[in-house]
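In structure tokens below, several structures.
Here chain A shows up in two complexes: once beside chain B, once beside chain C.
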Partner chain A sequence: MSNFSTDDNVAEATQPMTRAEKRQARRMRRFDNPWLNPKLLWGAGLLLGIVLLGILGRILWNLDLVFTGSATLKLPPVGFENLRRQPGVWDHPLGTDGSGRDMLALIVIGAPNSLFVGLLASLIGMTTGIVLGFTAGFVGGRTDDVIRVLSDVMITIPPLLILVVFQSAFGDVSLTMMALLIAGFVWQSPTRLIRAQVLSMKQSGYVQMARLSGAPTSHIMFREMLPNLIPYLFGSFIANVTTSIVTAVGLEVLGLGPQRIPTLGRTIYEAINAGALIQNLWWWWGIPTLLLAVMFIGLLLINLGLDEVSNPRLRRLS
Partner chain B sequence: MTSPVLTLKDLSIEFPTPGGVVEAVKALDLTIEAGRRVGFIGESGSGKTTTALAVMQMLAEPGRVAGGSIDLGGTDILALNDEQMRRTRLSRVAYIPQGAMNSLNPVMRIEPQLWDAIIAHEGRLDRAELKRRSDAALESVGLPVHTAQLYPHELSGGMKQRVCIALGIILTPELIIADEPTSALDVVTQRQVMQTLKDIQEQIGSGLILIGHDMGLMAQSVDELAVLKDGELVEHGTVKQILEAPKHPYTQDLISSVPLVGGESFLNPDRRAEAPKRESSEPLLRFEGVSKTYGAVTALHPISFALQGDTPQIISIVGQSGSGKSTMGSIMLGFTPPTTGRVLFEGQDLAKIGASQNLEFRRNVQAVFQDPYSCFNPFYRVNHALSYPYKRFGLSQGKAQTQAAMEEACAAVGLDPDLVLPRYPHQLSGGQRQRLIVARALMLSPKLLIADEPVSMVDASLRATILSNIYDLKDKHGISVLYITHDLATAYHVSDYVMVLYKGHVVEAGPPKAVIGDPQHPYTQLLIASIPWPDLQRGWGSGLEDGAEDNIASAAPAFRGDVAGFELAKA
Partner chain C sequence: MSRIPRSYLLNRLVTLVLTILIAATLIWIIPRLSPVDPAEIALGRMAAGAGSVANADEILAQLRAQMGIDQPLIIQYFKYLGGVLVFDFGLSTASFPTPVSALIAQALPWTLGLMVLSLVITFVIGNLLGALMVWERSPRLVKVAIPAAMVFTSIPPILSGLLLMWIFAAKLQWFPLTGSYGLTVEPGWSWDFAQSVIHHGFLPALSIIVVTFGFWALGMRGLMITVQGEDYTTLAKAKGLRPRYILYRYMIRNAILPQITAFALKIGLLIAGQVLVERIFAYNGMGKLLYDAILDQDFPVIQGVSYVIILMTALSVFLVDLVYPFIDPRVRHEAA
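Presenting the complex of A and B:
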């Protein structure tokens, strides 16, 4: 009996399982470890790919090619010809842009930059959200009113409007500065989410038990409540990364944001500005767009995967 | 004999899970005649609800009927397609759910919800006709007609449950399935709702399946009993047969586990432990004119008492929901500040307690709450709930000693420490969790334990065990206990002194033999009359006597003698 698999045991106990049931059982076994979720793995893989592109590119590729005029202008990727009938060359496998910068070098530097801005902004926003949300939920009273009104008001202000004004006033900004500015617009929804969760958890039996155990407030907040918020925090974090990247790219495409550091958004801005669409220089704007798409699909998959991890009911339906 | 409304033949239900197929119901054979009331009794997980849901074809995914047949008055239920089944539900078989609180749409008035039921089966009808029928349905369950215009949140729990019954019978089905319809209600309301359900069922002559785990309630409500255990029908017969001559040992257990007023005690007091020596001569707990108001509502009228605590005692506080008993518990724990008066613990005012004394106070006053499901943080293994306070109060002398203390406490409440401690809360049953909470209290050995309805959410068969665990805290470990409950039968057995609360007033107080054995206040009498007895000779009454309310409000409180160590100011 011991050398039978579980599947066989089950089949022996009752009538043989139909094919649909077998598939279902297999699917369930696969999800026994919720973290081995295919969506989560694919999403993480795509993002890791972007990071690897940045690391390997820095090791294997000559980054000096990112400077203006380091190569022939407007060369197409290998295997294509541009309007001047110049074929792509292996020295610049993804082609060059309108001022002779190597596309591969551009994305090696630019793609991780965009991801970095998104992650940093989201991280700062989440931290602010956690602190404010817990404070509002726990302290209550006036503090709660102030934080709640502040976040509700901030949620109604269109971030792009404010950021455009800010950035034009600042002129050139660094990546970190940009992340900080964006963070000012992504803390509201985590604040509201955590506040609501804290309010409901405050009434729960285990928090009362912890109070009975003489637990200090910090213990109740961070050891009893926070662990149960982890699924929410993860989901909210990933959603915020997406929002932050969209905002950052939006600013860059408008020509705002960092002027000296290559980013995907800035590359698209320059392509549009130089009339790349009319001149059929599709690789100039197409490659950065493709990378952004990969990034967003990766983030979306991670978010869907996390949803299934934290909510077993969705898992079974999939 | 009339024709059967429901015939279950060889019915098996299974749930395929990752760990293999779970057989929830095994080869069940049962016939229900028209006009008969059949009780399904068994613990949670015994397959009672699953069977009922299969009759409605409403099994939760991925459950399915693996074999056998379900015949509803000549129709093979399993052969019906979705649309035919939809037409059958409610018009031929109605289901009255357990949590009536959550079964009504909160944003709709009652009337349109009743109309929806009719329209879904008979198509659009004339407004006047709809109104006539919904009013008739409400009247038949004893609700005033104006209820139709109210929203669910404006109704009490008992009224909501009656609306659910009205919904169930509005199309005069052949079979009504009532799934623990009164488990969320207190005894007084329970009796009224059950009476309504019985009357209406007799009126329309349908079959009734009553699902429950309370033998007393079953004895007073049904004609036949089906005892289920682990998905198997272990015994089936008339109530009389089963109560008087139970054949299966499990049925005998179920019957004997019901605590009775004046019946045999389920406790075994073996030795009376001394209370831990105390330095101060101040009473352990003293209420000085404590009251609590929430806005215009007075939850608790001024009350003064002193619990000396030199000999361990169990003081019971009894009352319906809304009587102020839980407010009192919360005030004692220092979670709710009183509106007036002072609460003194060993002479120390709770309102003026400092941070360092707070820890000392927490160590000395512990609690067992009503809901064992929420008391454990789902993120941690259950031993966290036991070891954390132990360390926090400075009782621990290293990891090994903490572990030993936890194991000892588990063993003392009859749990296997190796099996229970390393688990996550969702892997344990409600009864196991509640016993763990008692074990936690035992480990911390406080001077006072506040037990707020500790057994109301636990299976009936486990109640006696948990209560005897709590009794042992007093008897073997010298801990004084304040037992807050709505269940007079258990209060009768465990307590040394009983206070009956009604709308924030103490209406009767004294030793349990006097107060519960021979009640004098009309409210106490009503509470006792409402207990369903697992005894056919003892009637249950209708619970609908008029004028009872006035009687209660006007009667003077009855104080029935004192017990040394506990003084209640007679106001």
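Presenting the complex of A and C:
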């Protein structure tokens, strides 16, 4: 089958391929384009599902149900009974929480919120990291020392604890504010990564060549070096999204974070405080937990997929 | 000590001191920027207890003097730094007049115990499994089952904690739901107490272990793939050394070095995760102390706990850096 071969001068196969051969051929094609590996696609699919939940939910579901007391308290999801022997109803397919809020409306609003915090914080951290990393790698000298020591120092300080101090002093924060605060703690690892890569790339042949042919520094940075960094940057970006969401959820579970907007972490916080575990109100804490788990698994799969892109040794045909 | 190059040691020491200084300063500055006045919170607490408070202004002034917040900021700052060095964070406002350091001293052993135990277990299990995933002689089951199980290791321990708590404590009732030892046992060096502590600590430790071993396994897998292709591995095989000997002494021995550095980078997140696990299990450690302090708006305790945890993180990073030259002699030779 010539369309599975990289060589043009091959005779057409005379026999149809067996299943094993077809599988092998699929793997070969995948090998040609590392960005199409199944882990990456599955991970992206899971995250897309959460975004879709947010979009479709806003169109199809009545979000006023997210207000306290808009329904009977502690109703179970459809098909289950709660301790008071009330069956679930289709008006609230995922049940209601301890103050009568509809779980479906809660997650439609809450799940994209968590993702938003993660993406925004990581984006800001990434941009800062790219700027600082390139500066440190290119300028060198005293500037490099300051940036290196500062990122070494900040990487050991767990963001959660500083943010706990911040939020308990300032009280309520908005979602964007929380993302900005977290961003202050996720620029270190991209900075270190890019600095190290820039230092090693500076010695490489193609950069030396560009420099000798008189290319401006900005050209070397953005046209010669940056494209080579893309898989690493993506990987570091996704890892930071995970860190940011973990930090945000951590704050919410401690009862900090935004107080007036539904978030998954805050829902879990309220469920624990109301003793949902003993009362067997599993849907109250279970549904947000499950969604967060899906989000983290999606991010991990994307990260593993990106690893295969940047480290071809992990791609195997077997 | 003479075997560690001085420049390396100096570099690490500067990082350690700077980390502690920056963390302490952040913790001090942030509440000062906030409009909330701790004296008013204390007064509010008194008013809530007594119904009404006479001479509120006088009491406020006295409280401010007692807390030292009537002095210029710069003096406050240096007094604070001096206090922090000897672990003096002032008095708790919620359980007045207990010193914050006494509260922390009570909670710290629990946190440290849980941390060391779960860290050691995850590090050993994770690295071993990661190595087995690459090793050509490991059973097929290992190569299929571990990657599948590892998907769940991206989840923060608080979520696995909730799940384990629901299954094993609420549903099956094999383990107690909350606390770090039973109400009926007397704390002390007795068998009953130890049994109760293990019984209570099992689920918190497990919820940390199941979600963190994958981090090490993943890293180890990547490193092992690199080591597998090295010439010395091929040579060892060609010499006819026993496969198990090659695995432990040649492959893992070399692959584990970057993992130890990763340990230093990861430890902050691990400790933060553990704080949350302690909070949901109401485990008597720093996490519960922090959570209670947040509820009570007890600033000295929040500051003290945050500082001590950051200090713990910085010190463990420093220790790893200090031990590293002994594990990887190349660091010693390069600088010499």
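Here is the rule we use: the second predicted complex is superposed on the first by the 288 of 318 C-alpha atoms of A that agree within 3 Å, B and C clash if a C-alpha of one lies under 4 Å from a C-alpha of the other, contacts with A are read in each partner's own complex, and residues count from 1 in each chain.
As a convention for this text, a contact is a pair of C-beta atoms (placed from the backbone, for glycine too) under 8 Å apart; a residue touches a chain by one contact, two chains touch by 3 or more.
Predicted model, so just to flag it, every value in this text is computed and none were measured.
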First, second, both or neither for A:301, with chain B first and chain C second: second
Most chain A residues touched (candidates chain B, chain C): C
Which of chain B and chain C A:238 touches, first, second, both or neither: neither
Touching partner for A:109 - first (chain B), second (chain C), both, neither: neither
Which superposed partner A:155 touches (first chain B, second chain C, both, neither): second
Touched partner set for A:165, first chain B, second chain C, both or neither: second
Contacts of A:119 with chain B and chain C, given as first, second, both or neither: neither
Interfacial residue positions of chain C with respect to chain A in the complex: 14-15, 18-19, 22-23, 26-27, 30-31, 33-34, 36, 151-156, 158-159, 162-163, 165-166, 169-170, 177, 218, 222, 225-226, 229, 264-265, 267-269, 271-273, 275-276, 279-280, 290-291, 293-295, 297, 299, 302-303, 305-306, 309-310, 313-314, 317
Chain B-facing residues of chain A, complex: 6, 9-10, 13-14, 17, 21, 24-25, 28-29, 31-32, 204-206, 208-215, 224, 227-228, 316
Interface residues, chain B side, partner chain A - complex: 14, 16-21, 61-62, 66, 333, 335, 358-359, 362-363, 366-367, 369, 371, 373-380, 385, 388-389, 392-393, 437
Complex interface listing, chain A residues touching chain C: 149, 152-162, 164-166, 168-171, 189, 242-243, 246-247, 249-250, 253-256, 268, 272, 277-278, 280, 282, 285-286, 289, 292-293, 296-297, 299-301, 304, 307, 311, 313-314
